[in-house]
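Note that chain A is present in both complexes that follow, paired respectively with chain B and with chain C.
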Partner chain A sequence: MSVTGFGRAAWASFIKSGKVAFTYSPWIINRVLGPFLWVSLAVYAYTGISTEANVQQRFHEVGVSGDFTTFLILGQTVFSFFTAMNWRSGFAIQRERWAGTWELILLSPVNRFAFLTGEALFGIVDSGWSVLLAMAVAAFAFGAGFTLGSPLLAFVALTLTLLAMVSLGFFFASFYVLSRSAGPLSMAIQAPVRFFSGTQFPVGALPAALQAVSYAIPITWGLGAVRATLTGEPTWSDLAPTLGLLVAFSVVFLTVGAILLKRMEHRSKVNGTVHLF
Partner chain B sequence: MPTPAIEARDIRKEFYRRKERGWRRLLPGAPKEHTVALGGVSLTVNEGELFGLLGPNGAGKTTLVKILSTLLVPTSGGGTVAGHDLLKEGDAIRKKVGVVLGGERALYWRLTARENLRFFYELYNLPRAERQHRIDSLIDLVGLKDRADERVEGYSKGMKQRLHLARGLLHDPEILLLDEPSIGLDPGAARELRALVRGLTVKQGKTVVLTTHYLYEADVLSDRVGIISGGKLLTVDSPTALKARLADRSSVRLVTRGAPAGFEAVLAKLPGVTQAAVAPEAPAPDQQAFRVLVGDPDEAGRSLPLAVANAKASLLAMESHTPSLEDVFLELTGSTLTLGGNEVRSGEDE
Partner chain C sequence: MTTAAFRTFNGAFRLGFKNTLRGYTGTGWLVSTLLTPLFLVASAWVISRLVAPDGSPDRFTALTGITDYLTFVVIGFAFNGFLLSALDDGGSAVYDEQQAGTFELLAMSPMNPFAWMFGKTLASQVAAIIDLAIVIAVGGLLFGLQLTPTGLAWALLGLVLTLAALQGVAFVFAALGLGLKEPHALTVLMSPVFIFLSGMMFPVQALPGWVQVFSYSFPLTHGLDLVRGALLTGAGAEALLPSVWGLLVTGAVWITVGWVSFRALEKRARAKGTLGTY
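And then the complex of A and B:
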C-alpha cells in the first residue's frame, strides 16, 4: 500500500471514529471529570497525611525534583494518554468485531496498521483535549508549578512517549485479531502500568527488583522525560538516552506487532474466528 | 471457451472447536470437536456468469464464499479468483472481489449510508476525484437516495441489505460474492434485490456468485446452479438442465367429463406419454380425473387434448406439473431444503 493510501485509510478511520464517538456525547463529561478526580484523589491522599516538606525530603532521597502536585498531574496526564491508547488501538478491533465490520476491514486491501493508526490518532486527539483541560483545571486548583525550559524538547519527549504507547497498543492489537476474548488483556495491564510506571509515586521508592519491571515499561521512561522537560531545564544531551530508549521501544513493538498482526490474521482465518464477537 | 473467473480445486475446510464451555475449555488437552465444513469442493465459475450456490443451512455455502473472498484459509486445496492464486495473492483478490455478507450488522449504525460508503471507499484507496460521483451513483442504484443522509440504525432490513450491496460494489469489483442476500427480507424487498443482482450481470457484465437456500431465487436468477449439501458439491448445471434430468417425472392431471371406461389405456399409448392412471380424486361424480406421466411434455401437450376430443369427452382441466429444483434437490440429497419462518415467505411468495 502506498504512503498516500496509508494516509487516506488512517484519516478515514480517524474521521469515522470521531463521528461515531460524538454520537455518544455524554461520555465527554466522563472524559473530562475522570482525570481531574484521579488527581484530586491522589493529592488529598498525600496532603491528608503528610506535608509538602516531608514529600520533598522523600523526593530528594529518590532523586525526583519538582513539587508533588505537578508530579501527580503529569503522572495522571501521561497515564490518561496511555489509557486512551490502550482502548483505542488494539481494542478498536474488538469494537469492529462488535459492529460486525471487522470482516469487512479484512476484506479490503487496507494496511491493517493504517486502520489502527487512524484509531490511535483519534484516541490521542479525543483524550488529549479532555486530559489537558482537566490537568489545566487541576493545576489551577492545586497550584502546580511548571517550568518549561525547552518547548521543543518537551514536545519531542511527549511525542516519543505517545509513539511508544501507540506501538505498545499495536503490539497488543495482534491478540485482538486472534481472539474476541482479548478485552481482559487491556483491562489487566491498566493497573500494573499505573503502579509500575510511577504515575503517583517515584519509581525509586520501589524495591530494586520491582524497579526492574518499571524500567521495562516504556511509559516509565516517557513519563520521566515528560516530567523532566516540564518541571526542570534538562538539555538534549541529558535526555538523549531516554529519548533513544523510547525510539527503541517503539521500533521493537512496531516490528514485533507487525509480524504478529500478520501471523494472527492468518491464524484467525485458519481457525475461522474472524467473524466472532 | 468461457474464461473462468473462479476456479476452486478440491477445497476442504475443517474446524476444531472446543467442546467444553466455561473455564474448562481453557485447560490444556480440552477435547475438541472436529467438523468438516467442506469436503473437497471443485468448482468453476465463468466470467459474466451468475452462479447460484443452493443448499440448506450448514451446507458449507458461507464457508466456501469466505474462502473465495480470503476471509478463511482452506485446510487443503486451492484455486484462483480473478486470475490470482487463492492462497498466495490475497491482496490482489481483495481488490477485484466484492463481498456482501449481509445481515443486520456489518455497518456502522451510528453513521449515515453516505458516511459508511465514504469510509470504505477510502479503505480501498480509490480515486479521490471520483468519490462523490461513485457514492452518489451507488446510492441511486440501490434506491437509497432519499435516506442516504440518515443514520443506518433507522433503516429497515431491506435498506440495510441494499446498502451492503452498494458497499460491495464500491470498488467496481469484477466478481461479486453474495452470501444469502435476501435472507429475512419481505417479498417486495427480496424482489427488488433480485432485480438489482440480475442487473449486475446483464448490464454490467459482472461475475456473481450467490448463495441461497431459496429455490425460487436460485431458479430465476442463476445461469448455473451448484447444489451443495453436507460440505459436498453434488451437481452443477443450469436450472433448466437440472430440471430436465427429471423430465420423465413430469406429470399432467386431466379432468374430463364423458370419458369412456378404460380411457387411461388410450392415454397411455399417446405420443409423449409414459404412463396414465385414473386419479382417485375426481372433482365431481360425473367427472373423471387422470394422472398422466409424460416423457416429452411438448408432445403430450399436443396429443392429450386431441385424444379427449376424439373420445367425444369434454376437457375440463389440464394441469401440468414440471419438476422443480426442489425435486432435483430431493433426488440428489434424499431430503428437502430446510426453510423456516419469514425466510420461506420471501422465497416462495413469488
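And then the complex of A and C:
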C-alpha cells in the first residue's frame, strides 16, 4: 500500500470516528465532565481520609517534590489519554464487529494499521481537548500549580507518551481480534494499569516487588516525564533516558502488535470467528 | 400484584438473570470481574499505607470513629457492583431491546410495564451479588477484612433494602437512555459522581455540607451507612434505624421519580416515533 493510500485510509477512519463520536450528546457531555470528575475523586481519596498537610508531607517522603494535587491531576490527565487510546485503537475492531463491518474491512485492500491509525489519531484529538480542559479546570478548582520550564521538552515528552500509548493500543488490538469479549478485556486492563502506572499514588509507595511491574509498562515512564516537565525544570539530558525508553517501548509494541495482528487475523479467518462477538 | 403482572415480572427477571449470568461465563467478564475489585482495594491499601503507615488515617478516624479504613473501603467497593448494575443495566434494559428490534413489540404488548422493568433491573442487581462476594473474598483473603458478625442481620437488611432502592436509580437511567440514547455514556459519566457522593472510598462527612445534601438524597449512601454501621462498629438499632428510614424514603422517591420519568419519555418517544431508535 502506498503512503497516499495509507493516509487516505487513515483519514477516512479518522472522519468516520469523528462523525460517530459527535452523534450522541451523552458522549459529548461525558468528554467534557468525565476527566474532571475522576480528578475530584482522586483528590478526595486522600483529603477525605487525611489532612492535606500530612498527605503533602508523605508525598515528599516518597520523592514527590511538587504539590500532591498537581501530581494527581497530571496522573489522571495522562491516564485519560491511555483510556482514550485503549478504547480507540484497541477497541476499534470490536466496534466494527458490532456494526457487522469488520469482515468487510478485512476483505478490503486496506492496511489494517491505517484503519487503526485513523482511530487512534481521532482518539488523541478527541480526548486531547477534553482532557486538557479538565486539567485546566481541576488546576483552578484545586489550586494546583504548573511550572513549564521548557515547552518544547514538555511537548516532546507528551508526544512520545502518546505514541507509546498508541502502540500499546495496537498491541492490545491484536488480542481483541480473537476475543469475543473485547469490551470487558478493555475494562479489565484499565484497573491494573491505573494501579501500577502511578496515576493515583507515587510508584515509590508500592512495595519494591510491585515497582518492577510498574517500570515494565510505558505509561509509568511517560507519566514521569510529563510530570517532570510540567512541575519542574528538567533538562534534555535529564529526560533523555526516559524519552529513549518511550521510543523503545513504542517500537517494540508497534512491531509485536503488527506481527500479532496479522497472525490473529489469519487464525480468526481459519477458525471462522471473524464476525463473532 | 396480579397473576399476569407476576408472570411478566418472572419472565423478565429470569431472562435478565440468565443473560447476566451468561456474561460472567465469558473470559473477558470473568477477568474484569476479578481484576477490577482487586486493584480498587489494592489502591486503597496503598493510599492508606502512604498517608498513615503506622495505623488508621487521622482524618478518617476523626470523622467516623472507625480505625479500620480498609474494611470500610472493602464494604464500599462491595456495593460498587450494585451501583454499576443500576446505572448500566437500567439503561441497557431498554437499549438492548432496541438493538434487538424488540422494544416496539414489548411496548405494544398488553403487559404490565412496571413489572417488566422491575424484573429486568432486579435481575441484574441480584446477579451483582457475585461482585459483592468477590470483593468480600478479596478483602478477606488479601487485605485482612474484619467484620462484626453480630451485625449480620442488619447488614443483610441493608443489602436487601439497597437492592430495592437502587431500582429507582435504574428506572431513572432507563428513562434517560430512552430520551438521550447511548445509556453507556451516562453510566461512564455518572459512576464517578455516585462513587463520590455515596462515600464509597471516604466518609461522606469529609465533603462540604451542601454536597452532603446530595449525598444523602442517594439511597446507596444510606445503604453503606447501615451496612458499615452494622459490620464495622456493631451499632444497635437506635443508631441504625435512621439509615433504614433514609433508605426507605430515598428509595421510594427514586422509584417514583424514575418510573414517572420513564413513562413520560416513553410517551414522548411514541409520539415522536423514536421508540425503536438507538
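Going forward, the second predicted complex is superposed on the first by the 271 of 277 C-alpha atoms of A that agree within 3 Å, B and C clash if a C-alpha of one lies under 4 Å from a C-alpha of the other, contacts with A are read in each partner's own complex, and residues count from 1 in each chain.
Assume a residue touches a chain if its C-beta (ideal position, glycine included) is under 8 Å from a C-beta of that chain, and two chains touch if they have at least 3 such contacts.
Note that the structure is a prediction, hence the values are computed from the model and not measured.
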item	value
Simultaneous placement of chain C and chain B on chain A, clash or fit	fit
Residue contacts with chain A in the superposition, chain B compared against chain C	C
First (chain B), second (chain C), both or neither touched by A:108	first
First (chain B), second (chain C), both or neither touched by A:195	second
Contacts of A:216 with chain B and chain C, given as first, second, both or neither	neither
For chain A as apex, the angle formed with chain B and chain C - C-alpha centres, to the nearest 10 degrees	80
Partner chain(s) touched by A:185 [first = chain B, second = chain C, both, neither]	second
Contacts of A:248 with chain B and chain C, given as first, second, both or neither	neither
Touched partner set for A:11, first chain B, second chain C, both or neither	first
Lowest C-alpha to C-alpha distance for chain C against chain B (Å)	5
Common interface positions of chain A, toward chain B and toward chain C	24
For the chain C and chain A complex, residues of the former touching the latter	26-29, 31-32, 35-36, 38-40, 42-44, 46-53, 57-60, 69, 180-183, 185-186, 188-189, 192-193, 195-196, 201-203, 206-207
List of chain A residues in touch with chain B within their complex	1-2, 4-5, 8-9, 11-13, 15-16, 19-20, 23-24, 99-101, 103-110, 115, 266, 269-272, 274-275
Of chain B, residues touching chain A in the complex	13, 15-16, 69-73, 91, 94-95, 99, 101, 103, 105-111, 115, 118-120, 122-125, 128, 167
In the complex, chain A residues that touch chain C	24-27, 29-30, 33-34, 37-38, 40-41, 44-51, 54-55, 58-59, 62, 179-185, 187-188, 190-192, 194-195, 200-202, 205-206
